[in-house]
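Next come two complexes built around chain A: one with chain B, the other with chain C.
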Partner chain A sequence: MSQSFLDQLWTARYVIMSGLGMSVSISLLAILAGSVLGVFVGMALVFGGAALRFAVRAYTDIVRGTPVLVLVLASYYVSSAVGVNLGPFTAGVLALAIFCSSHVGEIVRGALQAIPKGQTEAAKAIGLTFTQTFTSVLWPQAMRQFLPAWVNTAAEMVKASTLLSVIGVAELLLRTQEIISRNFLSLQFYFLAGALYFIVNYGIERFGKYVERKTTLPS
Partner chain B sequence: MTISLRAGLMLATATLLASAPALAQTSKLDEVLKRGRLVLGTGSTNAPWHFKSADDKLQGFDIDMGRIIAKALFGDPNKIEFVNQSSDARIPNITTNKVDITCQFMTVTGERAQQVAFTIPYYREGVGLMLKADGKYSDYASLKAAGSSVTVSVLQNVYAESMVHAALPQATVDQYDSVDLIYQALESGRADAVATDQSSLAWHMTQNPGRYKDAGYGWNPQSYSCAVKRGDQDWLNFVNTALHEAMTGVEFDAYAKSFKTWFGKDLPQPQIGFPVEYK
Partner chain C sequence: MAKTILDIRGLRKTYGQHEVLKGVDCAVQEGEVIAIIGSSGSGKTTMLRCINMLEEFQGGTISLDGEEIGYHVEGTARRRKSEKEIARQRALTGMAFQQFNLFPHMTAAENVMLGLIKVKKMAKFEARAIAETWLDRVGLASRVDHYPGQLSGGQQQRVAIARAIAMAPRLMLFDEVTSALDPELVGEVLQVIKGLAADGMTMLLVTHEMRFAYEVSSRVIFMNQGVICEEGNPKEMFVRPKTERLAEFLKTSSFN
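Take a look at the complex of A and B:
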């Protein structure tokens, strides 16, 4: 207790790094899986038949209308009730990925629908298949619309990863609380955790800006 | 408020799932023995109960209770797998079989006893008063006699004021929102005494020997017990036996050593001869 913050920080350096590593892996996995799934969700919402559209619409609305904490708890406890015993890490990442996919799905839907109909019609006129139309005509345009909102969702996922501490995943917040329970330096260590989360999110933002710059149309 | 909302959500989930049918009628005891390790639910953020050491090892009084049970099971206190859980997850993780047993400073209440089965208590918690060793007041009587000129620092809570006034009816109550601040208030002289859980006070005093003293008064009693799933008397009996013998029998030394480490007090040997239970 008489030790200074810097001493305590030095003692806890590996613990903080492992917590940060865990938070980053949770977020990365959830964002990756959620984005891939989300693109399909968005495509189903735009191009799907009535039945598929209805099912996917119900999925996104239910997931988006549910607090992430509830999804995390449901994923952890319901999985064990139906016999698939997911560990806290898997259950947590699954819940975050599902949440992420519903948001990304809506962003993709919006981006695709913002493209004028003429583009699809022109693609059809020159004889492109649906896959060709999507990959060469629609997606490149949609992606530019999609990026800023996607960066926002990715940052949300990093913040939502803190909720996994409730089911006992040793991510940065739980690690920080463990350190504080030993040395009572709550203000300093919470501030440090906040700064680390900011750095991660700032990194995501810079990455998004970088991709935006790379994909922008020369004017 | 967020905590209680969270606890409510978790309870609701758990109650929904508690209706899942019980499969085989074998006891958890056999299951644990066959598996070769005990799955113990506990936390990692509350000294001296369950917290991480500087080298990132889980330790504390709750952890030691788990080790006593593991030793009774396998003759090896280290055959434990810890499941890290928040306080809200204590009951849900038992009812959904995530853990064999939970030892996490769990207060025994009638409400909880309807959801899980409690073991015999292994500690009696209560609120106590801590003073500076060289301070103006020497004990509880002098604090009480000083009336409203005494300032008591306490953790912020809806019941904090009435909790302190139950022991010191006229004392001035200063509420702070974190543990380090209530101790700092005493240290800096802004408060004359700290009122909080006796276990926390005991831990703080063992961390800072000679600097503080206990005012020698305790109130607000509550029992801490481990908890297991309802409906498995065999398993409950086993854990009860293990804990009971740690407090009165063959494992007393392990219990007493743990008690000394975390609460700084030496326990008297259980009386030999007529069993202490029937005193």
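Take a look at the complex of A and C:
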């Protein structure tokens, strides 16, 4: 049995690796795009005028109140229904990026609002413009503040990437299911997939801890 | 005849229905050290914050070296100046805050250098040299590369003063700079301010330290309910207050 699992594993090694590669790519793209968009969402929530704040607030609340699976399905089927053929990969990444942006947006908002008002006032008092204040004073402080929560979101995105299997993206979970349908070693291969997801997320968490240590201010 | 640096006329500030400043007039000559005293809610801090547009104001004018601060005023129409213009004007005054407000992610030197590099467009080495000079002046030559979290309150406040003064402002504003300090740390900060006064820096100090106001200021302004209630020479005012309000205030304050 164990021998046959290793045999099957060896046979399936490239399939598993391509599935893992796909999962990592999906997650990475979604995290990157979602974080960039999320920073703007967060800034809009803190610095925007009433109308912009209202619109962005509606966006984050709707996205956060919707199951990710629904977002993934909607992104895929609605886009093709209205004639934009995104393909499962792009549609899936888009859905995850939108989901990610609403979470990152909230995290950024919280981090920016946690900075004492005096910081902005001191920056203004020495004559910094808004942009200078943001890049030199607010952002570096907000980043330290939101790093732990951001790492958490990144790990969530890796987990959410499994949902793309339902629209036929050949990521790790779908690949695993395909392998199992051939050799029926469900316990072993699901366990393997679980272990691989764990390793990726553990890596993200370690990386986050490392950056946190690097950026901690001496006191 | 000394030159007028700051000219405040009919300054009015409201928060919704509540009028905090009800028409303040005040002219400041070059080299004057003015202590602004008064009970909390009298509008003294608000007035100080209007001078560098940390507070918007609804009426009157503030001019610094003949330049209108914050608003274009033509007849009865007033329009807020552009953010960029206001940022430039803010750099003309320096301010030290009750809570220091040092940037915690920067060393003492970097705190001082930020404005020099970003606003005055200096090269890094130039800014560093100025930062070291001023940190030395406030007695922190050995703390140049320390982060705010590694400094005592008094040391932080001295860095904050160095940060403001390094920008070579026309006018320094001090907003209750010793109020958040432990009593034993107050002296070192007041010493720095005294040094600046001796250099001829024009300063406005909102303070609760009556003894200090008495010793260092050339003029005292007593504010009450949004107006200047009494002003004059500290030697006169503290000893023989003309108004009932000031007499009462001095009785309850720490000066005796």
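Following the convention adopted for this analysis, the second predicted complex is superposed on the first by the 216 of 219 C-alpha atoms of A that agree within 3 Å, B and C clash if a C-alpha of one lies under 4 Å from a C-alpha of the other, contacts with A are read in each partner's own complex, and residues count from 1 in each chain.
We take it that a residue touches a chain if its C-beta (ideal position, glycine included) is under 8 Å from a C-beta of that chain, and two chains touch if they have at least 3 such contacts.
Small disclaimer: the values here were computed from a predicted structure and weren't measured.
Student: Quick one: classify A:Val15 as touching chain B (first), chain C (second), both or neither.
Tutor: Only chain B; A:Val15 stays clear of chain C.
Student: Using the touch definition from the top, say if A:Val70 reaches chain B (first), chain C (second), both or neither.
Tutor: Only chain B is touched by A:Val70; chain C is not.
Student: After superposing on the shared chain, does chain C or chain B touch more chain A residues?
Tutor: Touching more of chain A: B.
Student: Looking at the overlay, does A:Ser165 come into contact with chain B only (first), chain C only (second), both, or neither?
Tutor: first
Student: Once chain A of both complexes is superposed, is A:Leu174 in touch with chain B (first), chain C (second), both, or neither?
Tutor: first
Student: Using the touch definition from the top, say if A:Gly49 reaches chain B (first), chain C (second), both or neither.
Tutor: Touch partners of A:Gly49: none, neither chain B nor chain C.
Student: Return the residues of chain A at which the contacts from chain B and from chain C coincide.
Tutor: The answer is that chain A has no such residue.
Student: Flag every residue of chain C that touches chain A in the complex, lowest number first.
Tutor: Those in contact with chain A are residues 52-54, 83-84, 87-88, 90-95, 97, 99, 101-105, 114-115, 118-119, 147, 149-150, 160, 163-164, 167.
Student: Please give the residue numbers of chain A that touch chain C in the complex, ascending.
Tutor: Where chain A meets chain C, its residues are 116, 118-119, 121-130, 132, 136-137, 140-141, 144, 217-219.
Student: Which residues of chain A touch chain B in the complex?
Tutor: Within the complex, chain A contacts chain B at residues 1, 11-12, 14-15, 69-70, 73-74, 77-78, 80-81, 88, 165-170, 174, 177-182, 184-186.
Student: Contact residues on chain B for chain A in the complex?
Tutor: Listed in rising order, the residues are 6, 9-10, 13-14, 17, 20, 44-47, 51-54, 56, 83-86, 88-89, 92, 96-98, 178-180, 183, 207-208.
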